[in-house]
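See the structures that follow.
Same chain, two partners: subunit A is paired with subunit B first, then with subunit C.
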Partner chain A sequence: MSALVQERATAQPTQAIASEPRRRPSRRTVLLVSAAVVWILGFLILNGTSTLALPASELTDLHRSLNQFNAWVAANRADNPVFLYIFTPLRSAVDAVANLFTTTFAATTTGLRLPEIGWLGTVALLTWIAFAVGNIRVALLTAAVFVFFGIQGLFVEATYTFALVLTSVLLTLLVGIPLGVLAGIYGRVARIITPVLDFMQTLPTFVYLAPLALVFLIGPASAVIATVIYAAPPVIRLTAHGIRRIPENTREASDSLGTTGLQRLITLQLPMARRTIVMGINQGTMAALSMVTIAALIAAPGLGQTVVRALQSLDVGTAVNAGLSIVLLAIVLDRVTTAASRRAEPGSARKRSASRKTRSIFLAVSLAVVLVMVQLSRTMLWAAAFPQDLNVGPAIVQAVNAASHWLQSNLSLFTVSLREGVTNGILNPFQSLLTDTPFYILVIVIALVAYALGGWKLAVLTTACLGVIIYLGLWSDSMVTLAGTLVATAVVMVLGIVFGVAMGRSSRIDQLMRPLLDAGQTMPSFVYLVPFLGLFGATRFTAIVAGIIYAAPVAIKITADGIAGISPTVVESAVASGSTPWQVITKVQLPMARQSLALAANQGLIYVLAMVVVGALVGAGGLGYDVVAGFVQSSIFGKGLAAGLAIVFLGIMLDRMTQAAAAAPARRIPSPVK
Partner chain B sequence: MNNPAISVRDLWKVFGPGGDKIPGNRELSALSSAELLERTNCVAAVRNLSFDVAKGEVFVVMGLSGSGKSTLIRCLTRLIEPTSGQVLVDGNDVLQAGVAELRELRRRKVSMVFQHFGLLPHRTVLDNVSYGLQIRGTGKNERHTKAREIIELVGLKGYEQHYPDQLSGGMQQRVGLGRALAGDPDTILFDEPFSALDPLIRRDMQAEVIRLHKDMGKTMVFVTHDLSEALKLGDRILIMRNGEPVQCGTGDDLVGSPADKYIEDFVSEVPRADVLTLKWITRPLADTTPRDAAVLNSRMIIREAIPAVMHSPCPVLVEEGGRITGQIDRDSILSVLQPAEAAA
Partner chain C sequence: MRKAERLIKRTMPAVAGAAAAALLLAGCGGASVNQTAAAGGATGAPCGTVNVAMNAWVGYTADAAVYSYVAKNKLGCTVVQKDLNEQVSWQGFASGEVDLIMENWGHADLAKQYITDQKVAVDAGPTGNEGHIGWYVPPWMAEKYPDITDGQNLNKYASMFTTSESGGKGQVLDGDPAFVTNDEALVKNLNLDYKVVFAGSEAALIQSFRTAQQNKTPLLGYFYEPQWFLSEVPLKKVNLPKWTEGCDANPEKVACDYPTYKLNKIISKKLDDSGSPAAKLAKGFTWTNEDQNSVATDIQGGMTPEAAAKKWVDAHQSVVDGWLS
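For the complex of A and B:
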């Protein structure tokens, strides 16, 4: 009996949270409502004035001076000391490594001669490596997928991409693991590095490219450097995390025996963090693949370039064919590195210890066979270039094109009406609400929201970000991007809550969905555009749908973890006091998972923003278009660079605002009511 | 006590900003824990503690959680850096030792057994036990030979190639014990080593420690929150509260004459007849007692004296050092067995 009373007592506070705002609106509610009122009034009364719209072909003075800067860099590359002694040698060094791998696996720089190792040798070698670090299953997968690249007619492109990923991952590990170890051991290093990593990870892949191309020219070197910058954060973070996660008592026990710092690192920290470090390598590899494909925009060779060209000429068939290769490569890289991390698990060795000797003999023998195949592929033409009679690439392209046409003409009732309905019903009105309201009204509105979420500091920060965007001359384009991002994020959150709650409440649904979500998260952002291009054609809507699908997995997972993480006794006590499932969800689980929801919104926003920007390739306007156009036409290079910066500041603003929403307490401690 | 193994003088450990100023400050160091926390935001985990541990002794530090006992034992080898005071191990001041000297101390003189074992999950039992030897640079064959001996000593023979997660808690702690013994240290520190184990295993492990102590005669400092464990193992027991020593003495000192209400509460549940000796219930010799009655030694545990006293028709005499010091009768035994009634 007394237990029941206690349970009721614990259930009550949650109900109190839910019903409190109804009685007395909090300060935050007042602020948010007044922001909405200001916005609507501003839109209705001052509609169309001070919108700061800038037609696509027009430039501001700032853009022109950035253009001049571009020209200045081009002119002074040869003799400016910064370039002469820092950037150019760095570029040459990276280029040398990249060349080593591309000439080994893909083709020589001229593109005419065959690579050092032909297709047979490449397949054999990679299969052997997959077996050595993983197991027989991933080795077979590797072999099958690389042969399939040949059948697709994309073997050279795929090996280019693979070679660049390999280069990038090696350089990333060279930089990332030592930094991660330092950050794991020294709290001070971690405190310095973490905000930098946070910042790097909020940036959409896209915005790295223009500045790097400016400094390092277009080509593989820039692509690799961009990739290293993008792929290093997860490696650093997970290495540091793996070391910091080692239980204090284990560390203490080793200290109590008198270990030196180096002994501790070698005997304790690295072995115990090994699994996490390999997980970091897995994440870094996936990030690298994502970036290497996007780096096609700055002329990185490989599958990405095939996709970009196909997207630009709306050739769905080729895009799907190459997109499929990227997906397959992603699967191979993911599976092999995951298998490697399983192998790195403590205790995995002992399960196999019986076959250890057999395994090493087998490895040695198969290596000999592999070397023979490598030698064959260097001397025999059939083993060097993938046989053309096996190439069914064109057939795939044609079939996909036919299917896409069929879908677009036969499903048009559905696809077109959905597209037009959403575009005209939601997207356009919301976009014009953002673009047609005078900028100063919007600045006030956003600052008010920021103040409500995170106090005056956040308000100042967001105002500053908006100020920079205005200064960059890209206010209107930014608002277009913002509109798409917010609409997509809203949908992502709906998906996140619906599926997240379902997964959080039922472990069976969780088991069913999690592999799908995991797979979804490993795909490079790029390939999401391809199927939707086939369905919906080249429009803004396509980019937004791709963004939603790209961002949904992370939002769903975070929400599900938040719901599943609620103490079961709380849920049990709510059920025991007679709540319906709906009441449990709305009054207990969602309010208690509030922080996870805000985190899901934060991550969802960042993912969506990245995708909406990339979506410029399939017809989304806004900042992404400016960036892409900037790559193509040197006359608007400056505008593209400015647009990249605008994306950065938009991203910072959105990130900080959602983070503040996540960090804010659910309610203030109630002031004594008289 | 000449040449103690460990000698602690005026030891302080204050956590918090500016904690190093508190021991020297007469006003602040006199404050109670709560006042200190309020005034300075510091927590004094160990306050002005002094004691000696004799060679070969089992010295138990006992207290409830938060009493500072785990901090204290870590201060002895500076796993936690003490704020001030002196810790002498074999006459050398640990607090003045340099990095290399401290490392040598940990490698050869003082080793430690931990509550949560702290084993390396990626190493076998053999490699865990020989870890300390490896750290100090012993060759592979030699350290494995030594480790095998130790593994047999702690009763784990046959488990050399197992990994920690394949062992039960009690066996894991045997590995922890083996690791501490492998370096052949003079002193072993135990930080609540058995509190994570279930009661039966705990009893086995306590017996194991008693056996090892008898066999090897090492000095042991043993931290526990379990009074019965303290009484079972400890030659002497130091009871701590809020970082301060409350009482230090043998088990029957604590039970027989608790220093204050706190200790009294602490020991109230102890079956006194199992701990106290006859000394504590001896009464002056009455004239009526026949001089030829049975004689018992004053250091005999009361429970063991019960049959003799109960079967004797008259009170029983108590001797100490060959001299009759007094007598006991059935009433005095009953008063120990029924402390509540006796108090009432």
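For the complex of A and C:
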């Protein structure tokens, strides 16, 4: 310990830890500073040794044995009982459901490839459903957006995506709601399920595409299964939450009437939790949309394929056109499910009871009209296939392409120098600090930081995670990914603090920003890539920018909520004692919102990490590249699988460390140095 | 119980609606305009549906566009194009998602897995195109540094090719990670002071080479023939140690240049057995590098693939008739 205390001289009081006596830095500060010193000394003295770098073309024995697994699955698919009785029937069942919806709304596999109920029937039916579960406003929005898909020339693609989202959401509910109910009623189930859900949510979307495609083969069935895995956690969580939230006395009142468990579930718990459950459906639907788009890489039809093709041909116009469709579809799905959750509110039925009868009549009449339209679509070609004359897609594509060419030729000096500046000035030095330091030094450094943040338990956990990464043979690539992730998160935090403080201090800015942030969060990650790819080319910089854009909204929101949540009396007393606004922000608001900031950093990191693999499609190296390459080159399949696991362990480590930072403020750790 | 009743009442219309729609669908399940209109277009044997994998380079698009155009308009087939990566497409033979790969580059391992072992795919013969992969430099470099086209001199020039992405070494610019490539292994096994960086796509590669030639900036990159872009900028190939039979058997130990690929078509066993004219067309399809380049140039120039295919087919009626007879 004395050696550590001697470093005190270098311990600069970097942040204002107001309540701590200045002379004695807290034990945490000492630990953090000594970690930094060990790291820098290790980097300077032992630079380039024991870096565990694995050339991209080389595999470890572990990777080769995972490759064998690939061959084993292929060889045993036809006669292994697990495949014969579980995986293959599951695949055909899911395929059948997906097929039902895609042929109804998007395109049949034979004939003219028109939707079974035509474009007019599809628009009419979906509008009617939107009205039945929501209100007239969302119904009109639905009609407008689906007609606009036709005008964009993307009706088939958009309805394919919609049909797959629908399939996935239905299957997600089939799995998620019973699990959520169980977890809500029995604490033991919740305790088992929660860590599994945590794990599922740290898994970046791309990581399970390759193994899933291996087991379930490529095609819509695998896409739907991947989507269910991705969309189930919010549904399960919110269902359980809704049931657990019911006040104890309400439950007791029901029990005193002698209801049985099942009766209680049907008459009390489900109806009372309905609003929260529908919110879960909303969250699940948004998650499903973003996954269905990415599943284009395993042959899921729809808008995702258009975006992928545009990425590959650098066709910004087509990508923007398809991206617009995705955003519109996201808005429709969001609004309709939100309206449904409003309708599900316990009080809303009574409020509307006056008009309920008229509503029912209107529903019945409009249903008849819908059925006529469906029948029309099945007999008339103009109602079956969207009229080509109304297609303005090519015009949109050309206009955007012209604009993007103009930007590229006029801004290239700026974009290139910005990219080169950031890459050479920040990213490369930081990355070499991570990749060129011997691995054992970094393990010690990270363990020290973990110990400072969360005690020996966290230190053991992080060391174990790093151990797994070393065992997977991907240390160096993990450090490349870590460097990009940390740089992106740092920028996310800067944005989070700047905009979060502005929003937290002014409700007008909040009102202005919040819809933008909401829109940013509903957009599937794929869509971000395209414009930046056009501006910056396929480089790590582009991937980092995409990660920042993806993660910034959530960090800004959390910070804003933290700042706005500080008791106004504290702020007022600071103002009354003559503090300038700057002093109020730096001395009162930011220190008091410290936990929100740490939470924002936590969420920012997880979101950035989720973009790592997607970013590899536009030039990010490291683990993301390994995953993408393993997916598309069968000779390095095993390495890709290992890289996917490494991302998960990196994610768990970063998540736990930032959570610990959020949970335990520095001053509460008792200091033995007296 | 009142609450439950209300719940049922509220969901009744939705349930009724769904049931009515289902009834309606079942009621007129038979003939719809969708199926009847399509049936009229076909002549001779029924063709059915062909799922064509679309790999991401323009040469491939040209092959697939011409095939699709002929299958659709001469045979009345329903053609479904699916954008898939090169090796992922092969998995589609097993799952039934893919019936046809129009331009296959080698892939002996996949051929063994899906053609020999699993018997879900069949070799449908050569496309008539001969494929070359290699490392290329823009023509201005070959003029200024004549000895650069000899692979042994690459280390001498490594410092010229450094970029912010290549970590102090020379950069070898590759295309899509999904393309056939040994470049990572080549760099290591030939002891080259280079790092492989991925541009991400054919389009990005082409753009980089075009800019390099225009601005006379150094660039070393992965490229291939047949390729329309070579008639715009005639890139110069760098000679690596000559390919010999079996020198690239182990992907980790490759230290030789790429072989010459006899590009071929692969069809699913299912399509082959169906006796559909689409299978016959797939087997008959063959053309030259010039043919492919002319269609690819049109597509690159802004024509839709269908229009470019139509133009070529109209000008080469006898060739197309030869495929079908």
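Methods note: the second predicted complex is superposed on the first by the 626 of 674 C-alpha atoms of A that agree within 3 Å, B and C clash if a C-alpha of one lies under 4 Å from a C-alpha of the other, contacts with A are read in each partner's own complex, and residues count from 1 in each chain.
To be clear about the criterion, contacts are C-beta pairs under 8 Å (C-beta built on N, C-alpha and C of every residue); 3 or more make two chains touch, one makes a residue touch a chain.
In this text, all values refer to a predicted model and were calculated from it rather than measured experimentally.
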Superposition on subunit A - do subunit B and subunit C clash or fit: fit
Subunit A contact check, subunit B vs subunit C, more residues touched by chain C
With both complexes superposed on chain A, which partner does A:Asp255 reach: first (subunit B), second (subunit C), both or neither? first
Report for A:Pro515: first if it touches subunit B alone, second if subunit C alone, otherwise both or neither. neither
Name the contact category of A:Gly578: first (subunit B only), second (subunit C only), both, or neither. neither
Just checking: does A:Gly537 make contact with subunit B only, subunit C only, both, or neither of them? Give me first, second, both or neither. second
For A:Pro271, using the defined touch cut-off, is the partner it touches subunit B, subunit C, both, or neither? Pick first, second, both or neither. both
With both complexes overlaid on chain A, does A:Gln375 touch subunit B (first), subunit C (second), both or neither? second
Does subunit B (first) or subunit C (second) touch A:Glu58, or do both, or does neither? second
Shortest C-alpha to C-alpha distance from subunit B to subunit C once the two structures are superposed, in angstrom? 6
Same subunit A residues contacting subunit B and subunit C, which ones? 267, 271
In their shared complex, at which residues does subunit C touch subunit A? 1, 3-4, 6-7, 10, 13-14, 16-17, 20-21, 24-25, 28, 32-35, 37-39, 48-49, 54, 56, 78, 80, 82-88, 91-92, 94-98, 109-110, 113, 117-118, 164-165, 167, 176-178, 182, 184-185, 187-188, 196, 198-204, 207, 251-252
Please give the residue numbers of subunit B that touch subunit A in the complex, ascending. 74, 77, 79, 102-107, 111-112, 114-122, 131-132, 134-136, 161, 163, 165, 176, 179, 183, 189
Under the definition above, what is the set of subunit A residues touching subunit C in their complex? 55-59, 71, 74-75, 77, 104, 108-114, 116-117, 125, 128-129, 132-133, 213, 217-219, 266-267, 271, 296-299, 301, 305, 308-309, 311-315, 349, 360, 363-364, 367, 370-371, 374-375, 378-381, 384, 419-420, 423-424, 428, 533, 537-540, 617-619, 625, 628-629, 631-635
Using the touch definition from the top, list the residues of subunit A that touch subunit B in their complex. 247, 249-260, 263, 267-268, 271-272, 274, 346-347, 350
